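Before anything else, here's the structure in question.
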Amino acid sequence: MDKFLIARGLKRCSTARFAAWILPWIALLGFGLVAAGLCLIKGLNQTNMDNRFAFGLWIFLDLTVIALGAGAFFTGFLLYILKLHELRAVINSAVIIGFTAYSGAVAVLAIDVGQPLRAWFTFWYPNVHSMLTEVTFCITCYLTVLAIEYVPIVLKNRKLKEVPSLLVFEFQLHKVMYVLAGVGTFLSFFHQGSLGGLYGVLRGRPFAFREGLFIWPSTFFLFILSAAAVGPSFVLLTTWLVEKISKKRLVRTEVLQLLGRISGLLLAVYVLAKTLDTLIWINRTSPSAGFPAAQFYGWKPFGVWILFAEIVLFGLLPAIALLTPKLRARRGLLVAAAALACCGVTLNRFVQTVQTLALPTLPFDKFLSYTPSWQEVGTFLAVVAYGVLVYSFSFRYLNLFPEERELKLEPAAPQEEEEMAYAGR
Amino acid sequence: MRLRGAQGGARMKRYGMTIDIDRCNGCGACMVACAVENNIPPEIEADERKGITPIRVYQIDNGEEQPNRRTAFIPMLCQQCGEDTPCVHVCPQQAVDIDPETGIVGQMAERCLGCRYCMAACPYHARYFNWWDPKWPAGMEASLNPNVAPRQRGVVEKCNFCHGRRHAAMEKAAAGRKDIDPADYVPACAEACPSGAIRFSDLNAQAAPADSFRLLEKLGTEPKIYYRSKKDWVKRNG
Amino acid sequence: MTTTRRTAVKFIAGSAVGVLFTPAPWRLVRDTALWSENWPGIPRPKRGPISAKTTFCTLCPAGCAVRARCVGEQPVAMAGVNGGLCPLGVTGHHLPYYPGRVKQGPVEEARAAVAKADPSKKVAVLDLRPGRTASAIYRKAMEERGGVYLAPPQPGASVNLAAAKSVVSVGAPLLEGWLPPAEVFAVRDRFRLVQIEAELSRTAALADEWLPQADVAAVARRLEGPVLVIDRTMSAATIEMNKALGGWGKTVQAGPATGAASLASVADGSIGLLYIDETNPGQYIPWPEIEPKLAADAVTIVFAWSREGYGRHAKFVLPTAVFPEALDDLPNGRVTTPLMKAPVGVVDPVEFIAKASLADALQEVKPKDEAGWLTPYTGAFDATAAALSTKLYQESKLLLGPGQVAVGPAAGLAENDAAFLSTSRGKLPVRVVVDAGLPAGKARFLATPEVLDLCGSEEPRVVRA
Amino acid sequence: MAHTIFMPAFFTVLTVVSLTVLLALWRSARTMPKAEEIRWHADFHDLPAADRVCRHVITGEFRSRECPNAFDCGRCETHARMPKPASDGDGEIYGMEFPLDRFYHRGHTWARREADGTVTVGLDELGKRLIGAPDAVDLPAPGVRVHANGTAFRVKRREADVRVLSPVDGEVVATGGPRDEWYLRVRPVNDNFTHLLRDAEVRPWVMREIERLQLALTAEGAPASLADGGVPVADIAASYPKTDWDAVCGEMFLQP
């Protein structure tokens, strides 16, 4: 029925099945939009945030999603700037992941602020000392870039391609894409960093405060590293997931392994840097501000285990798995490691946003807890549903994985067979 | 963002407070007076974490059991940090500023986007968000203070040492002498305090007593609210 | 030309781009932001000539002098003339807008009922604020009609803190509104305060010395004289002790006489017509103590600005002016100047009960201030009548609010637990606030009329819901 | 420090992004007339590597070489250096007629010079058999300009909807159809046929095309019946009702 929209030679499920797949997500999106609408119309009293927990689920979501979406810029960087041509196989997918992640984050930010109508004030009266200004500027710019990078993928659609003007525009746009990739990389480096700086600069929050290198706190660089590290992992993960759901081979195993290797390499560097940073913080930064770091880990449930999980369980282990060719070769381990890495960055963002606010600062402060309201959760789910929907439609009607057609010919590699069998069991 | 209060010119002010914890009986007159002066609505649906109390009296104790337990009340308001003021440099759109003339940290409600980054930045939790539309009991709008504009929903506010009163005092001063008469400019909380625990002054003219301490002084943000107490366990909060 | 889809698309795309070059979108963005600055529904405070008027606060018998900042006729802020005010005083000018205020009442029906009242039964006036000029008028009127003039028990003595070197307080909330706080703290540094009280009350916390229990006489003897011993009601025993310490006339003297009959002296079922003047907050006598004194068909007329007091029990609740609308005076002879007009329909209780004019009577009133002498205020002091008091018990945990009860950790109840305040008369649902300063078995709560009716003379128990 | 870098950096970025987009727009406006050529280049770029091999690989002169000129051998020095293909050999391959009096385009069209200076364009035998009896044919009106490697005409068969690529540059003077053995008569704008296959090149090319067809069919899940080297039946489409015919034709007519 919608065959004329599906790229030539790609097998896609029947329209009915596709509808059955997206319907629940649309329902979820609808629910989320209602929740978000409540927050916009009735105000933020609909949330469980308060004067002490000024940031909640949403900021955590934004930081996480943007970190995971970093695959877009980093893959682009590797492909267009460092000319790793193998990655052409996933760049489209990466761009779309990035686009959904960023647009989702921006949408949630717009709901999170008390006066969305004044969003442009930041551009009109920018306070250049504020990390948030940096974030706002970079994210808006980069979202534009991502949108532009998305355009050619859309124009490649079988039907649109028929229109000569669109075809020509796509062709020309593709020629200058490396410029945008470069700009995108620059922007992403910046705002991934400033997102880290967001909490690193808070001298009033000794748990998050970090000493600066140049004009930025160390978290600035840690965020860049961690984002760059998990970006490819997340692309890997999504690709694998799409392969499982669509029951197709979409990219060569080598590409996935390459992604894993890159991820592992950066993750290793990140783990090192993070360890160093933590040590410096424990032994210098925090005590010098009069806060023995140990006191921050005395509050249940936030014990030292979080540090361990962040650095070893979700950092060192996946890094090792991804860097050891033998382990990487096992599809199962590769994916698991990528998943661990993603969990790691998620946990890190959680610690940065939520734990920081939960911990007391004043001597007579209490340890605070916070559970999001259904409106907050709903909005959160809306972003997830939105992401899934955009990706699903793109996967159906656009040619996300250039290698898909050729891979139909090749027989699946042995360990994948076994993998399939395993999944089958 | 550095404030050179002391080195400043003759008319340069450095407003601050000295709060005698040993005199505070926790009656809350300051909190209510603040709300009256600054047209802060009674947040009917609010709880203690969503309300708006630019000055807020906390009860603290020495952590011991009866009969060794001791308690005290400590009024908390914006501590008017003078050095790398945490909230000023985080605001993305310059809605928070520090007036070099007075050292008062101000919040421009009509500029505020409501991102609440400043609230996350403030170590004293002295900033409050307008979670609800401002509402007063029927007819009570008539009794609002004309010198202060009520804030709309979705913006952050905080203690600004009753800028309405300062402007009134300046108008008065402009009519007569140059400098404003200290008697004309006293924030509502200091004025209302029945036990005289809160003393407001220009720290350039009259420095805080030597035996006073400041909260989280170690952060190095040079707050201008000084606290006093003879009790050691209270001093330990400094 | 024919409109194909292509032309339509072209048109839309073209106009989308074109619009960006018109001022429209930019103006829209700016205006919406401006609009967000003065959102509809945000009240604009009225401007006008600012003036300062002074009067006396009648919200408690202390009658602090207050300066009201007014815009035109409208008071917008209250401040103490000498020293600060209590939270209720600071928001005095908000009381007229109290949501629970009574503005209309069955005046004519009340008059008819009075006319029809059983003449064989006694008429009585309960005056919650004795010692005023109005009180005198009531008393006279009752004498003439063979009625009874009733008032809550008043503290047995006045005290002179300034004259004392040491003060031994036996559970008297000296620093929490027992006396006008400003005047207490004005002389606070001159005396040493020893608080003898099981509970770590606020006064105990600020006292120079806190003794959970002690032999009062012994403590008093070891302190530097002149020593003043006080308790909540200035009981006879305490007065005796002061006499023994030689403080009579120096630090302690007889309190003002109210000339009121005690409720106990009234025979049960003897009152056929009861007037209650609740205009000024005063010590609330639990209704269960009053009720038996009333005849079966007794008529009760309450003069009040809120229905939450005796209004809950009376058939006729007649609205009265409230501070700062009311023209009235205080036990110490200070006469108020009304700052606002009372709403039409309010009743003047003096006129209604005694057919006399309070205004004329107030002409001869002279302030009878005696420097330093203060009369304790034993009434239930309820700051929660002011709209903004939510700041104190809801938006912070500074005071107890209505429906809250504080218990010690020993009670085994957790913060915000649902519980009941229960006595032999019944129980009231309450929310628990845990105060580590409270000894086992001791509960603290806001003495609202509702609660007092429940308790009477009993000490209520807190039971888990 | 931050602010001195910050704002300029931001505005530079903004300008770069907008300029890039404007550049793309401007260039596309300028190259609009070349749409057909661009379409071919875009498609060529998207073709599987196997389909982009140089004609001299097919003839076995090279082991492997990818065509750098999108099959425009006129621009290719390598091609210029290669010897002309021998003009012998017969045009009968697996029972399919590939007369050598004409030039073959790798998109399965042929071009034949006519006496009157026009060029006849038609589907070659394999092309014919792929399409069989088309459900619909969409021919350009006489006077329309067709471009080499651009669209000559469209044919529909089952779900297949393919643009058949034109072997020559020229103006359409007359149109035939499936019933005639030719589709277009074109007045060429140049006499350049270097990019087309001829003579001895034809056989190896057709053999290769049959292999590709087999691959395509297997890829689309058809039983590998051609693998036995059997002759493609007259109407291949009809004999593979299950296979995604659009994909197969796309593959064979060089349209990704």
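To keep things simple, chains are lettered A, B, C and D as they appear, and every chain counts its residues starting from 1.
One rule holds in what follows: a residue touches a chain if its C-beta (ideal position, glycine included) is under 8 Å from a C-beta of that chain, and two chains touch if they have at least 3 such contacts.
In this text, all values refer to a predicted model and were calculated from it rather than measured experimentally.
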| item | value |
| --- | --- |
| Touching both subunit B and subunit D (chains) | A |
| A-C compared against B-C, more contacting pairs | B-C |
| Most distant chain from subunit D, judged by the mean position of its C-alpha atoms | C |
| Intercentroid distance (Cα basis), subunit C paired with subunit A, Å | 58 |
| Intercentroid distance (Cα basis), subunit C paired with subunit B, Å | 28 |
| Cα-centroid distance, subunit A relative to subunit B, in whole angstrom | 40 |
| Where subunit B touches two or more other chains, by residue | 47, 50-51, 58, 133, 152-153 |
| Junction residues of subunit A, two or more chains touched | 115, 118, 121, 126, 129, 133 |
| Subunit C, residues touching no fewer than two other chains | 36 |
| Chain contact graph, described as a line, ring, star, complete graph or other shape | other |
| Full enumeration of touching chain pairs | A-B, A-C, A-D, B-C |
| Touch list for subunit B against partner subunit A, complex | 1, 45, 47, 49-51, 58, 60, 74, 84, 86, 89-95, 111-117, 119-125, 127-133, 152-156, 215-216, 218-221, 236-237 |
| Subunit D contact footprint on subunit A (complex, rising order) | 3-4, 8-9, 11, 126, 128-129, 133-134, 137, 141, 144-145, 148, 161, 164-165, 167-173, 175-176, 179-180, 183, 186-187, 215, 402, 405-406, 408-409 |
| Residue numbers on subunit A that touch subunit B, as the complex places them | 43-45, 49-55, 112-115, 118-119, 121-122, 124-127, 129-133, 136, 198-199, 201-206, 289-290, 356-357, 361-365 |
| Subunit A to subunit C touching residues, read off their complex | 115, 117-118, 120-121 |
| Sites on subunit D touched by subunit A in the complex | 1-3, 6-7, 10, 13-14, 16-17, 20-21, 23-25, 27-28, 31-32, 34-36, 38-39, 41-42, 46, 48, 159, 161, 215, 218-220, 244, 246-247, 250-251, 255-256 |
